[in-house]
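Lettered A, B, C, D and E in written order, each chain numbered from 1.
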Amino acid sequence: MFEEVATSKEGEQIINVGPQHPATHGVLHLIITLNGETIVNLEPNLGYIHRSIEKMCESLSYRQFIYTTSRMDYLAAHINNHACALTVEKAMQIEIPERAEVIRILVSELTRIASHELWWGAMAMDLGALSPFFYAFREREVITDIMEETCGARLTMNYMVPGGVMADIHPNFVKRVKDFIIQFKSRIDEYDQLVTGNIIFQNRMKNVGILSKEDAISYGTTGPTARGSGVSCDIRKIYPYSIYGKLQFDEVLETAGDSFARYLVRVKEMKQSISIIEQLIDNIPEGDFQAKTKAVLKLPKGEFYQRVETPRGELGVYIVSEGGTTPYRIKFRSPGFSNLSALNHMIKGHKIGDLVAVMGTLDLVIPDIDR
Amino acid sequence: MFSIENITNSFHNWLSSVLSETLVMLVEMGLIAIAAIALFAVLGLVLVYMERKVAAVIQIRLGPNRVGPMGIFQTSADTLKLVLKEGFMPNNVDKFLYKLAPFVVMITAMLILAPIPFAKGFQIWDINIGVFYITAISSISVIGILMAGWASNNKYSLLGAMRSGAQIVSYELSAGMAVLSIIVLTGSLNLNEIIESQRNGWWIFKGHIPALIAFVIYIIAVTAETNRAPFDMAEAESELTGGFHTEYAGMRFALFFLAEYINIFIVCAIGATLFFGGWMPFHIGNWEGFNHVMDFIPSFVWFFGKTFFLIFLIMWFRWTFPRLRIDQLLNLEWKYLLPISMFNLLLMTVIAIKGWHF
Amino acid sequence: MSFLKTYITEVYGAVKSLLTGMKLTGYYFTHPKEIITEEYPDNRLTLKMADRFRGEVVMKHDDNNEHACTGCSACELACPNGTIKIINKFEINAEGKKKKAIDAFVYHLELCTMCNLCIEACPTDAIKMAQTFEHSVYDRRLLTKQLNLPGSKIREGVE
Amino acid sequence: MGNEELILKLKEVFPEMDCVQGNDWPELSFGSDRLIDVITYLKQTPELAFDYLFCETCVDWKTHFNMVYHLDSTRYRHNVVLKVKTDREKPEIASLAHVYRTAEQHEREIFDLFGIVFLGHPNLKRIMLTEEWVGYPLRKDYEDPINIIKL
Amino acid sequence: MDVKVTPPSAPFPGSVQEIPGGGIVLSTLDDVINWARSNSLWPLVFGTSCCAIEMMSAASAKYDFSRFGFEVARATPRQADVIIIAGTIVNKMAPVLKRLFDQMPDPKYVIAMGACATSGGPFFYNTYSVVKGADHVIPVDVYVAGCPPRPEALLHALITLQEKIKSGLTRDQIRTQFAENGK
């Protein structure tokens, strides 16, 4: 039995983390070279949930392909759908009613909060504290209930369609969102008490997985991962889409570049999302929720690219159209894919216990990486 | 006043009247063995159930409630299922050590049970070096964990076992120091004498702040020694899947699981004995009336009450704190706990010599 | 001495942060009214799904066992992953004309993603989303359903 | 730099290349042999400073492959799209893994799904599919009668 | 299928026999074993995609599957009793799933949660890498439809699995039985 311990060099051993492992949040496979408990090298092995969405979308119409993207980054289904709808609208030059725009932003920001909630709970769980997970899900359930009432599903809503949204908001929507805001604001302090201020937690996060600004850009990281390193990359701010240009909110930036900075960015982003919702919730304009569109959508010949900001970073949808009813080639530039490539650089020289802290703050969603 | 001592004594007298001396001893040994195993089983079931309920209430949910009233048979069902699971041994394990490991852990836990006074005059083995015996025996359980980790032929298990080794070796020091500071006060290693010395008040109150510090250090150190969160390096589910017991299934896993909870019970029982007076009721100095009222509560209620309070404390830690990293864990011991407990021991010695305690 | 001072403040800060966390969990432990568990199989009678919740596709039938499906297969075309298969037959009606009608509206629940595109596409409003969600079965063939009831026919006047 | 300015600048530096305004951004088309020249220029010229490769992909046009690079400048916030034509029979192109480290993983994915060989890539092997997989599934002529059920 | 709404405290199997001075519970050993197994299903931490989030929701405070004793989620297959296949299984993952299943000691159960695990679901047509139903890889006891099924639906599936274990029938037996009864 003893010679089976695979060694690459004297004193080094290789362990496989995943595809089934609680810290990988899905089916990521990491091949880690260890020296004692110190990580010497890490190589991600993807594809355990590669579902060939890009190939599949080539045979789906422009109305149909949107639903597959909900399954890509399922924690931000609305925002993925938004990206696709925006690309189709940009190509067809559809003007969408203002009410639809506002509803889209409202549900997108709620999704962002829900996604960050889940990340917060799951990351605390990875670090060994189990109770925050349950507190995070309590708030998240309120959002899923709101979503269910308006969009008809809890997770993969398929609510946004080219030209607007599928249905008008539910009559209870405004009231429930307002209740949620009040509840959430009192809970966010609990988060700080339980996790942010905790000395064990801070020691686990600080000076772990440092990513410098130059590396963050070179590795193509986006979202909170890059903003923790001081790279301004919030698409909502720098290339505003939809009605984000008219809204007041701050881009959260931290400069330390370690796990704790990424943690703080996400927690502060939740507060920014709340402020966006507060700006809009009382000012939902009257009107249609969907523009009149043809039953069969045909995109003009050309290439279209749309960048949006998901909770994990920049999602790009690249559609090459030959003028037919289905895309000729479709590419999703997913945020997790690039963020993951920085993991090896960030984790080298750290202990295996730090792996969960770094991966936790990268907030990987594996189907989003593999597509 | 109700006392178990009377029952055991009269039972012993009755046995002696019908049987010869050797037979009496054999019969009593057999009975104690059965009682100890029964206690183990019951404690395991109760503690696991308690853990799940405590976790549930802290996590704003209900916890097991569908198997039996309030779910009290949940752990029985789990145990029965684990017993009936397929006996399973992976290929390429070191078969002898793999099979032996859970028993080493279990027997260690059983051995420590011997000198613990559960109630007034109710003790398996009244040994005059009780505390020393416990600290000596409790170090053996790490060998079982190392065995399990090594024999499993799994890198996760090995890492977990190595972590556990480093952890227990270092935390034993500060746990020992904390125990020593009480020994310094009592001047005896005999657990019964330690309890007796707390007749006019428990050490945690009589020993001023140093006793409190010793207690905090003790609780932290034993949490680490029993591999409980936030020091559950050896299992560290999100890092090492299952740690040293990754490859164990069914009954062998159940033994590890059970031993973990028995160990918690034991360290808490010792903590209760040293700092909270074991079965000794709550006495305040010379308040005869008050002390007399307290004596009406049976001694085993006091003992189990205190022990379960400490167990709850350890569970409370588990469901609040994140896990430490292995180097931070050792840092905490060598940079903080050990210096503080050494200084604390010094202070305690001064108090003991000067007789400043109550 | 500054070393000792930082050492002590460090220890103090650490202990305080830990106690803050324990206070919060202690609060929840001592306040069982914060428990938010809904006991699913026991609250089955009172459990009501949101109106728009998409559980499965059903076909609306009225009291005369008549539905509004013309068999135009708009839903079949709208479905992104072939969940719906419509098998048509031709009936001779009272005036002796051949008329298209559905023979079987086959619905693969095991494939369905509840995306609502078929409901949007239906011109006669014949199908709708039901709020049922208890779809557990021992055999996956049971999930393939025929939505039009046996003996049902198209309602008069629906074209 | 605005899009018009950028187009003028690029036309001036690379007169032999086709530079047009796309739907959002300027698009520069050229052959695979010039890739490193263009990238080096775009990244190292201080007034362009295209330091961020945010999307790298490939399109199979049946007669040839088009590698598509989307570049962004985190300093000036201008973008450019590079379209690099590659031979279909012998798809080879220089790797950008040493210029933009994000390219390493993107190029592995493109190698896996399109079969384009990146010269100078440090670790070019399949990433999404298993090593035994035959063929490159995102090519338009890919056939897999076992796995693909056509609707 | 329809399940009985069982009272919160699931009764111990067997019947109470009235004898003078009280009653005794009589039950067969098989019933007791099945009772223990059905009430102590420890799931493997295994989620591949969207359904895993709903599985986490089912574990969360609002739905709380610990009420049934399922909360002891084990990260290692050696100690798990049931795999909840929460998400798509692709060709690369299939051997891993098979291996995980083989590593579990008997008796072991499988729940295919959601459309992907049941049949490939949204990825049934035009994909080159998705397994069209997890039952092509390992035997499945209970299928839950939905994309993803809500947490209640997962609880329903677990109760359905409990019913199956209590009946003591094998996968084939219970399928033929239900085919005969038409439901």
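Everything that follows uses one rule, which is that a residue touches a chain if its C-beta (ideal position, glycine included) is under 8 Å from a C-beta of that chain, and two chains touch if they have at least 3 such contacts.
These numbers come from a predicted model, not from an experiment.
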| Fewest touching-chain hops separating chain A from chain C | 1
| query | Can you name the chains that touch chain D as well as chain E? | reply | A
| Looking at CA centres, what chain is most distant from chain B? | D
| request: Name whichever of C-E and A-B has more C-beta pairs touching across its two chains. | output: C-E
| field | Chain occupying the middle, per Cα centroid | value | A
| said: As a quick test, compute the distance in whole Å between the mean CA positions of chain B and chain D. | reply: 63
| query | Per the centroid of Cα atoms for each chain, what is the distance between chain B and chain C, given in Å? | reply | 50
| field | Approximate Å spacing (C-alpha centroids) for the pair chain B, chain E | value | 36
| request: Return the distance between the CA-based centres of chain A and chain D, expressed in whole Å. | output: 25
| request: Would you please write down the residue numbers of chain A that are in contact with two or more other chains? | output: 21-22, 47, 50, 52, 55, 59-60, 67-68, 131, 133-134, 138, 141, 156, 194-195, 198, 200
| field | Two or more partner chains touched - positions in chain D | value | 128-130, 137, 150-151
| message | Quick check on chain E: which residues sit in contact with 2+ other chains? | response | 6, 8, 60-62, 64, 67, 75, 92, 122-130, 147, 150
| field | Set of all touching chain pairs, with the criterion as stated earlier | value | A-B, A-C, A-D, A-E, B-C, B-E, C-E, D-E
| said: So in the complex, the part of chain B that touches chain E is made up of which residues? | reply: 52, 56, 59-71, 73-74, 76-78, 80-82, 84-88, 90, 237-238, 241-242, 245-250, 253
| remark: So, in the complex, the side of chain D touching chain A is made of residues 22-25, 51-55, 57, 59-60, 68, 70, 74, 77, 81, 100-102, 104-106, 109, 113, 123, 126-130, 137-138, 150-151
| message | Under the stated contact criterion, what part of chain B meets chain C in this complex? | response | 54, 57-62, 316-317, 319-321, 336, 340
| Any idea which chain C residues touch chain A in the complex? | 13-14, 17-18, 20-21, 23-25, 28, 36, 49-54, 78-80, 113-117, 120-121, 129
| task | Note which residues of chain D are touching chain E in the complex, please. | result | 128-130, 137, 142, 144, 147-151
